[in-house]
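Following this line, the structures themselves.
Shared between the two complexes below is chain A, which pairs with chain B and chain C, respectively.
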Partner chain A sequence: MNDQEGNNPERSGAGSGTEYNPPEGELAKVKRGLRSLTGGWRNCDTTGMPVCLDSQFFIRWNAIFAVIFLLIGGIAAILLALTRWETFNLLRTDLFYRVLTLHGLNMLIFWILFFEVAILYFASTTLLNAKLFSRKVGWVSFVLMVVGALMVNWIIFAGEADVLKTSYLPLLAHPAFYLGIILVAVGTLVAVFNFFATVYVARRDRTYEGSVPLVTFGAIAAAIIAVVTLLHGAVAMIPTFTYSMGWTGEPDPLWYRLVWWGLGHQSQQVNVAAMVAVWYMVATLTTGAKPLNETVCRGAFVLYILFINVASAHHLLVEPGMSSTWKIWNTSYVMYLAVLASMVHGFTVPASVEVSMRAKGHVAGIFGWLTAAPWRNPAFSAVVLSLVIFGFIGGITGVTLGTQQINIIAHNTLRIPGHFHATVVGGTTLAFMGLAYYVVPLFFRRDFLWRPLARIQPWIFAGGITLMSFGMSFAGSMGVARRTSDIAPAEEAYGPVVHFFLAMLGIGGVLAVLGLLLFVVLVVATILFGPSNAGRPMKCWGKPAELGANAKATHGRSGDHYTPGTIVLVGIFLAAFVVYYFANWSALADVWPVR
Partner chain B sequence: MSLESLKGNWLQAPKGAEKVWIGIALAWCLVLFLMMPYWHLFGQQNTSGETYRVSPEAFEARVNEFVEANRVGDHNGVPLVEPPPGGDAFLLGRMWQWYPVLKLRAGETYRLHLSATDIQHGFSLQPLNMNFRAIPGYDYVLTITPKEPGEYTIVCNEFCGVGHHMMVGKLIVE
Partner chain C sequence: MNKETKKPALQRLMDNPWLLLVLGVLIPVISYTMWGWIEITRIPPSPY
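Moving on to the complex of A and B:
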C-alpha cells in the first residue's frame, strides 16, 4: 500500500514527481477509509486517494465516448467554419444544415454530458472515499446514453433530421431523432440518480468527515440543476415524439420554445456549475490553491441552484406572447443573482491561486505570483484561459445580449454563437480539456505522450475560439444572421466589411479545430500507447517552485486575504463589462422606436 | 483544499477584498436589473409583447385583405403596400418570402402585425439590425416608428428549410 505520499522526501519540493499531496490529517482519514476496504478499490499512486474500480470503469468509458463525440463535432465544425467563411462557402445548402445539426448535438449535448457524467462519478466516489452506488445502474445509464446518441447521429446522417439541435416546431424530424434525445436524457438522469445515491450512502456510512469537499459540492449543484433541466427536456421532447409518431396533436410552437429552452439554457448552467467545480479542482491540483472562504464559494453555488432555472427566458426576449415584466424578471435570473455567483467565483478562483502562490514565496510586485505560476502545466493554462474567455467574453456578452431590450439588436444574429462559443467552448470545453490532462494519467494510468504539444494545445484552442468568437460577434453586430448557409442574397444590406469578420471567423475556427484535433490525438494516442504509470506517481506537468521563507520576508507580502493581483484583474473585468454594456444601450438607442 | 472534506464549522462571513467585491458585484447586478425597467420608462426601444392568438389561415386572410385595400404597386413581383399612417400594417413570413413589401413614412407610427403561416421565421431588419420572431399561431404587434427614409432589407434569421438563406424581403421608407 502506497501511503507515504505526504512526507516522502524524494517527492516533495519543486519539480518532483508528485502533483498533489494531501496533508497529514487527510492521509489519516484515507488510511482509516482503506481499512474497511474489501475489494474493488485501488489507491491512487499519485495522490494516495482511494479509487473505486467500478467508478473508474465508467469514468473511463464516459470519457472515451465524450472524446468520440467531440471528434465528430470537431469534424463538423471545420466544415461549418469553412462555409461561414464566405470566401469558401464550402457546403451545399442542405448539407450545411445537416452538419450544423450534427455539430450542435454532438458538441453541446453528447460531448458535454458524457464528460459531466464522468465528473459526477469522480466527485461522488474518490473525493468522498466511497464506492459507486451501483454498477448495474451505471450500466443502464451508459447503455441508454450511448444508444440514444448513436441513434441521433445515425438519423442525422440519414438526412431525416435536418432540424438543427433546437428542432423548433412545426419543423419535424424523424421520430428516432426525438427518441434518441429522450434516451440520452433518461440515461443521464439515471447517472445523476447513481450519483445522488452514492453521495447518500457515503454520508450514511460516514466515509468522510464533516461536509463534502467543495468540488463535490459544485458537482451536487450541477446535478440538481441537471435534474430540473432534464425534466424540461422530457416535457418538451415526449409530446414532440408522440406527435412525430402521429399519436397526438401538434404541440404549440411557442410552448415548445419555452420548455425546450428550459432544457437548452439550463443545461448551460449545469455546464457552468461543472466548469467552476473543475476550476477549483485544477487550481488545487496544480498550485495547491485553497478557497479563501468556503462559505462564499458554496454560497455562490447555492445561488446557481436557486436562480438559474428561469433562464429559458433568454431565448424569448423578442417574441410574442410574454409580458415585459415576465421577461425582465426571468431573464435577469431574478435580479442577476446567478450572475453575481459567477462574478464571485471569478474572484475566488484567481484569489485562491494568488494566496497559494504568494505563500510559496512568489510575492514580487502585483503579478509575480502569476508569472511564476505553473504555465508548463496544460491543465493550469487551460483553466486560466477558460476563466478569462468565459468571464471576459462569454459572461460579458451573455449578460448584455440577454438584456430584454438589447436583445433586439442581437437576436439570432452571429452575435449569439459568438457569445456561446466563448462560454461553452472557450469556457466549459476548455476546462474539461484541462481536466483531461489529469484524468488520463490518473484514471487510465498512462503518462501523456508528446508533452510539449500538450503544453501548447490549450493555447491553440483558446486562440482559435477567441478569434472565431470575435469574428462572429462583429459580423453579427453588422446584422449577419446565424444558421445561414450563404449570405450572398443579403450581402448588400450587410455591407462589404462583414467579409473581413467572416474570414476572421473562418481562420479562428480552423485554428480551434486544429487545437481540438490535437487534443483528441494526444488523448487517444496516450490511452492506447502512453507509458503506463501504474505503481508510481504520474509524471509531473511541472509545479510552482517553493521559494524559502527568505523570499517571502524580503520581497513582498503574502497572507490569507492579500490578493492585490486579483483585485486588479477583477477591476479590469468590471471596467470592460461596464463599457460593453453601455455601448450596447447606446447602439440600441440609434434604432427605430418600437413598443 | 477544494478536494477535501471540511471539518468543523466552516460558516464564516466574507472579509477584506472578497467582501468588497461581493458588494460591488451585487451593486452592478442591481444596475443591470434596473436598466430594463428604466428603459421601459425613458427609452424608445421596447417590446410590449402585445400578442393575439390567430390561426395561420385567419392571419393569411387578414394579410390578403390588407394587401387588397392598400396596394400601391409592385416590387419585384411582390405587392407594394402602403398602410395608412398611424394604422395597421401586416407582414407575413412563409417559406421563403416576406409578404408583402411595405411602404412606410418616416416619422409616422405603425402597428406592425407580424406572424408566420407555416413554420417559424426570423424578422431581421437590415442594415438597422432589429430582430423579432415570427411564430405561426401568434399575431405579434410591434408599434414602430421608422426614422430614416431608405430601402431596407428583411432577412430571415431563423432556420426555415433549404431556402432559408434566400428568404430576403424589402421594406421601403419614404
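Moving on to the complex of A and C:
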C-alpha cells in the first residue's frame, strides 16, 4: 500500500499471507461498498480502506494523550540530562528523584500505552474491514486510563511519590500513586478486551478472508503480552495500594520485585511487538515491501508471545534469594528464543525493502537499493533508524547485559539505561514517531506543516539518543551508578574521562529532547492548523522511483529472495555482536580473574 | 477432508489467537512468576 498508489494492505506486506490468504475476494469488496453507504464508516481518501468512525475517534484521542504524556516526559528528560551532565548538575537530590519518577512513568508507561491502544484499534478495525466492538467499552477504557495517568502525574508533582517508576518497597508513595497505576492498567486491559472482541466479531462475520494481516497479527502478539503484563501489574499494585492505605501488612519486598518486573519489563515487550508491527507497516507504506515469508514472520511473533516475557528475570540476576537455575533458564535458554525472533524480524524487514527496491529497478551493486530508498520520507527514515538503534545498540547490549555473569559488572550502573534508552526510545518511540507521519494525515485528515523540518526530525532525535546511549554505556562501564546523580566513586577511579562521557550523555539528551519537542510541535500544529486533505489523498512524502525492466537487465539481478545487501548488513551486525560480547567477558575476567 | 484440516499445525496455531493467548499467559506465569514465587517462599527466615 504505497501512499499514492492506494493499494489495499491485504494485498501487500501488511496484508494477509500467501499460503492461505487469497487476494481480497468479492464478498469483502461488496461488504466494504455497503459499509461506505451506511453510517459509522468512511473510506480513506488515500488508501481506499474503510475507517470505522468510532475507532477513528479513539485512535485520535489516544494519540493526542500519548503526545501530551510524551511532552511531559520529554521536559523531565532534559532536566535529568542537565543533572547527569556534571557541568550543570541542575536538580538537587529530592527534585532529581521526583523528576526521574515523572520521566519514567510518562515515557515508559503512559506515552507508550496510549499510542499502543491507538495501534490496537487501527489493527483490529481498518485492517480487518471491521467495526470497533463497543464504543462504550472504548470510553470506559479511555476514561480509566486518562484519570489514572493524570492522578499519577498530579501526585508526583505534589511531591508525594518520589519512589521512581519501580517504586520498590519499602519505599512508599501516596495511595493515589498506586491507585492511578491500577486505573491505567485496568483501562488498558479493557482496551485489550475491546481489541480481542473486535477481532472475534470480525472473524465471526468474515469481514476478512484467510489469516489476519501480518500487522494485525503483530498487534495480537502485543495484546497477548499486554494481558500478562497488566495482570502482573494488578497483582503487584493492589496489595501495595492496600498497604499504603494501612489496610494490610507490607508485602515482601523480594516478592514485590519479582511480580513488579512482570509489569515493568514485560510492558517493554509489548513495545517490542508493537514496534515490529510498525516496522512492517511502514516498510509497506513507504516502499511497497512485502514480507519475504509470512509464515516465518508470524512464527517469530509466536516466539515473542511464548517466550519474551520471561526476560523480566534480568532484573533479579543479582538477587541472592533466587536460584541460578531460575535465573539462567529464564534469561538464557528460554529468552534466547525471543532473541531469535528479533533477529528474524531484523532480517526480514530490511530484506523485504531490498526485494521491493530491486523489483523497482534499483539493482546497482550491493547497496544501490539502499541509497535509492525514500530517505526524504520521515516515516521511512524513522523506522530504519529505529531498526538500527534497536538492533545494533539495544539488542546487542541487552543480550550481553542479560548474561548472568556479565550482569554482575553492569547491574545498577548507567549501562542499563544506556541499553534500554536504545530499545524503548531509539527503537519504539522513534518507530511510533515514524508512524505518526501517516497517522496524522490519514486519521486527522490534515497534511503536515513545515515538511522540511519533519524530514530532519527523526535524524535529530536518533542522533541525540545514540549519543546519549553511548555516553551512558561508557560512563556506566566506569562504574557510574544509575538512579543517583552522585558520581564520586567513579570519578575517583577514572578521573576526568568520566566527565567526558557524562557530557556526551548530556549533549545527546538535549539533542534528543529537541528532536522530541520538534515532533510534538509538528504534530500539534498540524492537527490544529494543517491543511485539510479530506476528499483527496494525503500529500505524498516521496516514494522510490520505478526504473523499469531496462535497469534490471543492465545492472544486476532482482528476485523474491535475492538480498545480498541485507546479508552484508546482517554480517556486520553479527560481527559487532561478537566483538561486544567478547569485550564484556574480557572485562569480567579483568575484574574477577581466575588463575 | 476440507481445506481447513489441510493446514499445518503451526499455521493452525497462528490462526488461533485464543490458544496463543492461553499459551502466552501460561508459559511466563509458570516459568517466571510461579517458579520464582515458590523459590521466595522457600527462603529460610533470618535468624536475626
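Everything below uses one rule, namely that the second predicted complex is superposed on the first by the 546 of 595 C-alpha atoms of A that agree within 3 Å, B and C clash if a C-alpha of one lies under 4 Å from a C-alpha of the other, contacts with A are read in each partner's own complex, and residues count from 1 in each chain.
As a convention for this text, a contact is a pair of C-beta atoms (placed from the backbone, for glycine too) under 8 Å apart; a residue touches a chain by one contact, two chains touch by 3 or more.
Bear in mind that the values here come from a model prediction, so they are computed numbers and not experimental data.
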First, second, both or neither for A:E160, with chain B first and chain C second: neither
Which superposed partner A:L254 touches (first chain B, second chain C, both, neither): both
First (chain B), second (chain C), both or neither touched by A:L588: first
Partner chain(s) touched by A:S211 [first = chain B, second = chain C, both, neither]: both
Touched partner set for A:R482, first chain B, second chain C, both or neither: first
Residue contacts with chain A in the superposition, chain B compared against chain C: B
Which superposed partner A:T295 touches (first chain B, second chain C, both, neither): both
Chain B versus chain C as contact partner of A:V228, first or second or both or neither: second
Contacts on chain A seen with chain B and repeated with chain C across the two complexes: 20, 211-212, 252, 254, 295, 321-323
Residue ranges of chain A touching chain B (in the complex, touch as defined): 20, 22-23, 26, 29, 93-94, 97, 127-128, 164, 168-171, 208-215, 252-254, 257, 280-281, 283-285, 288-296, 317-324, 327-328, 332, 335-337, 339-340, 343-344, 347-348, 351, 399, 403-405, 407-413, 477-479, 481-490, 492-495, 561, 563, 566-567, 570, 574, 577-578, 581, 585, 588-589, 591-595
Interfacial residue positions of chain A with respect to chain C in the complex: 19-20, 196, 199, 211-212, 217, 220-221, 224-225, 227-228, 231-232, 252, 254-255, 258-259, 262, 266, 295, 298-299, 302, 305-307, 309-310, 312-313, 316, 321-323, 326, 329-330, 334
Contact footprint of chain A on chain B as seen in their complex: 1-8, 10-18, 21-22, 24-26, 28-30, 32-33, 35-37, 39-40, 43-49, 51, 109, 114, 118-120, 122, 124, 126-133, 135-140, 142-147, 152-153, 155-159, 161-162, 164-166, 168
Touching residues on chain C, where the partner in the complex is chain A: 7, 10-11, 13-15, 17, 20-21, 23-25, 27-29, 31-33, 35-37, 39-40, 43
